[in-house]
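In the two complexes that follow, chain A is the common piece, with chain B as its partner first and chain C second.
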Partner chain A sequence: MRHQRRYLPYLYLAPALLLFGGFLIYPLIRSVQFSLFEWDGLGASEFVGFDNYVELFTDEVLRAAFGHALVLILFFSVLPLVLGLVVAAILNRAQVRGLGLFRTVVFLPQVLAMVVVAVAWRQIYAPDGGLNTALRAVGLDALTRTWLGDYTWTLPAVGIVGTWVQTGLVTVLLLAGMGRVPRELFEAARLDGAGAIREFFAITLPSVRGEIAVALTLTIVAALKTFDLVYVTTGGGPGNSTTVPAYEVFQRAFREGAVGSAAAIAVALTAIIFVLNVIVNRIAEGRQG
Partner chain B sequence: MITSGTERALNYLILIVFAAFALAPIVTVLAAALSPQSAAAAPGILGLHPENFVDAWTEGEFSRYLRTSLLVSVTVVSVAVVASILSGFAFGTMRFAGSRALFYLFLLGIMVPTEAIVVPLFYDLRDLGLTNTLWAVALPQIAQSIAFGTYWMRAYFRTSPPSLIEAATLDGASPRRVLWSILVPIGRPAVMTLTVLAFMWTWNEFLIPLVMSPNGEFRTAPLALAIFKGQHVQATALLAAAAVLVALPVVILYLFAQRSFIRGMLEGAVRE
Partner chain C sequence: MNRNALKISTAVLAAGVLLAACAPGSGSEDPPSSEDREISTDLAALGDITLTVWDQETRGGQDEQMTQLNEAFMDAYPNITIDRLSQSFDDLETTLRGALTGDDAPDVVQANNSRGTMGAFVGADLLLDLTPYADAYGWTDRYSESVLAASTYSADGVTFGEGNIYGLPQVGEIVGIFYSRAALSAAGIDEAALTGGTWADFTAALASAQAAGQVPIQLGNLDGWPAVHVFGPIQGQHVPADQIAALGQGNAGASWLTPENEAAAAELQGWVESGYFNEGPNGTDYDAAWASFGEGTGTFLIGGSWLAADLEAAMGEDVGFMAPPPAEAGGQRATTGATGLPFAVTAQSPNADAAAGYIDFITSDDAMAVLAETGNMPVNRTAELAPESGVNADIFAAFGDVSENGHLLPYLDWATPTMGDTIGAALQDLIAAQTDPAQFTQVLEDDYSAFVAEG
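Coming up: the complex of A and B.
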């Protein structure tokens, strides 16, 4: 715009910048600052340098928490990707009716509040809940257990909830990507005598490289940020068997009075998420050549 | 494309199995919400017990918490959407020093997880005496929605035809008029998508209201549900009914606006 005054853009930017700066960027910087101190939230704080970060590697509970996050990535990210690829590839091959309805249904878990999801799955996992009832009905009584109270099975049980939430998102994302591939490419492959498997590896998979990268970042970030699901289903238990970094941030900052340690976990988590995003953007840009 | 009969049957089978996997937990909750509260309960209407919703509503004080949720959501969405339109307009249509760096700062903000800001937010706002107020719950969420909203609205304003802006400017329209009388009306789909996404994120948010309102004065519906869960471990029917109440507003919105929901979330994610 020609007659635009020089300060005008900044005037339009001001409200967003003030709110965003004051309530996102500033607290982020404060988190970094907090992470260098030992503070119980009330009394005097003591500068401890990088001690809180060293703790990320030495504290048993924290090491376990990050380990659990890795397990959750399998359930939130890898499993949905495998399922999504298979289903999207099959659906993309054939023009089936009701694809729109299917999309709406499988995407539905994404819009539910995690608390609602947690309440639903607690009922499925309850001692006399849906899962155990189903197992008994088919004579697999030996497999029934208290899914949310078992040292071995609770973490996978929480993970499956993540699989349920993320699979629809991944499938819809991949379907959108595959839909952009010209159909002639598939037809040519078939004329050349390629079967479904060859077609998948030669055409479908390479064409959705970007979407795979995006699906992986979104779901890995969701796995790393898991808080409400753990808070509502297990509270980190039994013992520390399902605690995760985000839950430790909350626990330490607001229950145990270890504010510096909580901030260090939060900063580390943020750094991991940034690095993941950078890597994925590189991959996705590579696709466009 | 020609596909054989078996292949087609198999495709539908996969479609149905997958849809069932997505729906099963939802159906479980709905069934539980309509089941009797105890074995001794009256038979109910057609064997169903819709009165559970009334009981959950009154016992869990959900009218109060849903009102709080609505207040928080409307505040966050209206402030965030207006601020995002303004900033997106600046980034999308104007040239100015530092625009690239500032835009990357907003982009960076999209990636910052709530965990990374919630600790100092609580302690700093507590010192200001702002915890347990609407602002402690709303302002951080406004900032988060603005990060995405700025990116989203910039993308829209960049695609709006420069000739349109040019012509209006030649006719003597001020930038303010160009924005509110021309660009925003034709950009209604983009604004709508941002609005429903921001509403959903705010309605479903858990950590911020949990931390920023420790005495529960600004307890939102999802939090009330978590607390209700603690108090009604045995009463699955009531708990399920409460869960349905909390989910319903977003689910209704989703069913009405599912196209812009899915498109918004995917496009926002792909960042093209």
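Coming up: the complex of A and C.
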């Protein structure tokens, strides 16, 4: 009887475990396996050990791709966090009328499919698109450029789209966190003569540490696995100045017939995302304790 | 939780390493050799058959011709049913690998001529050698040599352009120069002298157009590949056709590191420096560029014949087309161009005879007339079936002239599985003056020679 009971929970979990194993664990194992071969996806393959991983360090295009992904973390995570903190703190302190509407508007980019977002921004960044037209209208002709064809500006331009998308998510998360803080704390601080800025650093910021960790986790993952945005806006160009790891995985696996190399990039990317998130969560948990 | 995650990831890694013993792609069996098999061209005697056909003829006139030809085929052979799956070029390219290596491959597929697609399939024994059928049906008489070469590979897939025939195309394509008659006359350029002139006359016209305050050439190169179609005709002026063919087919024996190739790259970069292109071609969308040209901004547009229908709709009588003029008066014209995707038979197909007969049917002389009627440019009988007027009359004539009297050169991205990416990025670098012509040819040489060395 007792014996039966111990395994009963697993029986209930079995369908989910089977699905998880079949669609997540098994493909992951196969990817690790493929990454050790040189294979065109069609014919016979050749075992090459860790050569595909060595390529991650020796191939200039690949190194650049991982570098671009790190730059995107700045635009997808750090900037939205800073902006989100400011916006959420203001909204939380001043009881803005129509807060619900504002929240919805800020959150809206999250709801749109990234491809839709990318197509829209491709129009905005076009040589005679919205951004350049706006700059000319206010007499800033000197700042106009072909945003998606400029070697210096294209990666930041793509990054800004990420900032636009992620800020809403971060703001809403932080607002929820700040809403949990007891009003009395703020009142007490005000009685003690704390200003808005002091209040923010002494009460608001420490109390949303958990939300910050969640926001960073989600946005860092989004930054590192960026694919559709780059695929639609720049295709990795001009030159190779905006290519990212996930885009290289697609190119190599489906266009160039380099399945092993693609799998190695994918595995490395998974590992990096995993490690970065462990670090973020460690820091957040550690400080809380 | 983290310790568990560590355990799981270690287990996944270990399992992957253990699995390394059984190699991916080793399970496939050898396809039956086509040489020993009897072939039959009597389709009516084959019994009841369902042929699965994967094509990418999704757009208006393309879809129309396919529908008409399929119906005509099923009327002629009531024992054969066509089960057609049509998807976009991109979707077909990305799904074909999986489909051909799976257990239930389609019978007839449209496979891109390139190394990355047809070449890889031939090398992996996934496509049927159609040479016996070519003899039986007389395809070598029907098709010109340069057209057939574009779907010909050696049996091991190493040499492109020689060996066995693996597919037949229906339509032709040519990259050339569209021009606006209104812009020409505004810049004081004589149309007849231009189309009948030399390459030097054309480059002089670019300068005149610029002096007249026009945008001489519209180029939308955000995606990298459109500039390949501008570079191709320039290269045709500087580099001997046989060398370009070898470079484009990824065959050993040629090199990008020649003064001629560098001169071609220098001419393109010179055009940028002279301000012959619209502002920021690398940041301009391809569709936006030809749309601007269609709306009257721009004197010339260098691009493929597939743009004709849209340009004619926008510009009417104003738009004209010419193949790039020859280097010397009366010389042969050379430009990038080729065929639509060839139809091939899969090695797994149990209905090879019916499949080959179907391909024969949709590429027959009668089928060419159906193609022309539905607004496509048939690869054979092109001059004969040309429309009386309009830009398509120019295009049909140009294709006929270049494929029969000149050199129809392969797309440069056919050369290696990675060349599309490499040349697209390299041309963006060249146009943005991030590299010089010597560095440009070096990048292409690296890709080309690495592939040839592997061969």
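The definition used in the following text is that the second predicted complex is superposed on the first by the 265 of 289 C-alpha atoms of A that agree within 3 Å, B and C clash if a C-alpha of one lies under 4 Å from a C-alpha of the other, contacts with A are read in each partner's own complex, and residues count from 1 in each chain.
Please note the rule applied: a contact is a pair of C-beta atoms (placed from the backbone, for glycine too) under 8 Å apart; a residue touches a chain by one contact, two chains touch by 3 or more.
Note that the structure is a prediction, hence the values are computed from the model and not measured.
With both structures placed on the common chain, the touch criterion links A:I25 to chain B and to chain C.
Contacts of A:G41 after superposition: both chain B and chain C are touched. Judged by the touch definition given at the top, the superposed model places A:F274 against both chain B and chain C. In the superposed model, A:T234 lies in contact with chain C only, and not with chain B. With both structures placed on the common chain, the touch criterion links A:L17 to chain B but leaves chain C unconnected.
Looking at the superposed arrangement, the partner reaching more residues of chain A, out of chain B and chain C, is B. Judged by the touch definition given at the top, the superposed model places A:F254 against both chain B and chain C. By the touch criterion defined above, A:I203 lies against neither chain B nor chain C after alignment on the C-alpha atoms of chain A. Contact with both chain B and chain C is seen for A:A126 once the two complexes are overlaid on the shared chain. Legend: residue contacts after superposition of the two complexes on their common chain; A:I220 is shown touching neither chain B nor chain C.
In the superposition on chain A, the residues of chain A touched by chain B in one structure and by chain C in the other are 25, 28, 30-31, 33-34, 41, 122, 126, 254, 259, 274. Chain contact summary for the complex, chain A toward chain B: residues 1-4, 6, 8-10, 12-13, 15-17, 19-20, 22-25, 27-28, 30-31, 33-34, 41, 87, 90-91, 93-96, 98, 102-117, 119-124, 126, 130, 164, 167-169, 171-173, 176, 183, 186-187, 210-211, 214, 218, 221, 224-225, 227-228, 231-232, 245-246, 249-250, 253-254, 259, 262-263, 265-267, 269-270, 273-274, 277.
Looking at the complex, you find that chain B touches chain A at residues 1, 3, 7-8, 10-12, 14-15, 18-19, 21-26, 28-29, 32, 79, 82-84, 86-87, 89-91, 93-96, 99, 102, 105-106, 108-109, 111-124, 139-140, 142-144, 146-147, 149-150, 165, 169, 175, 178, 200, 203-204, 206-207, 210-211, 214, 222-223, 225-226, 229, 236, 239-240, 242-243, 246-247, 250-251, 254-255, 258, 261-262, 265-266, 269-270. Considering their complex, residues 2, 5, 9, 12-13, 15-17, 19-20, 23-26, 28, 93-94, 97, 100-101, 116, 120-121, 123-126, 221-224, 278-285, 288, 417-418, 420-421, 424-426, 428-429, 432, 434 of chain C touch chain A. Only residues 25, 28-37, 39-47, 122, 125-127, 145-151, 154, 234-240, 251, 254-259, 271, 274, 278, 282 of chain A touch chain C when the two sit together in their complex.
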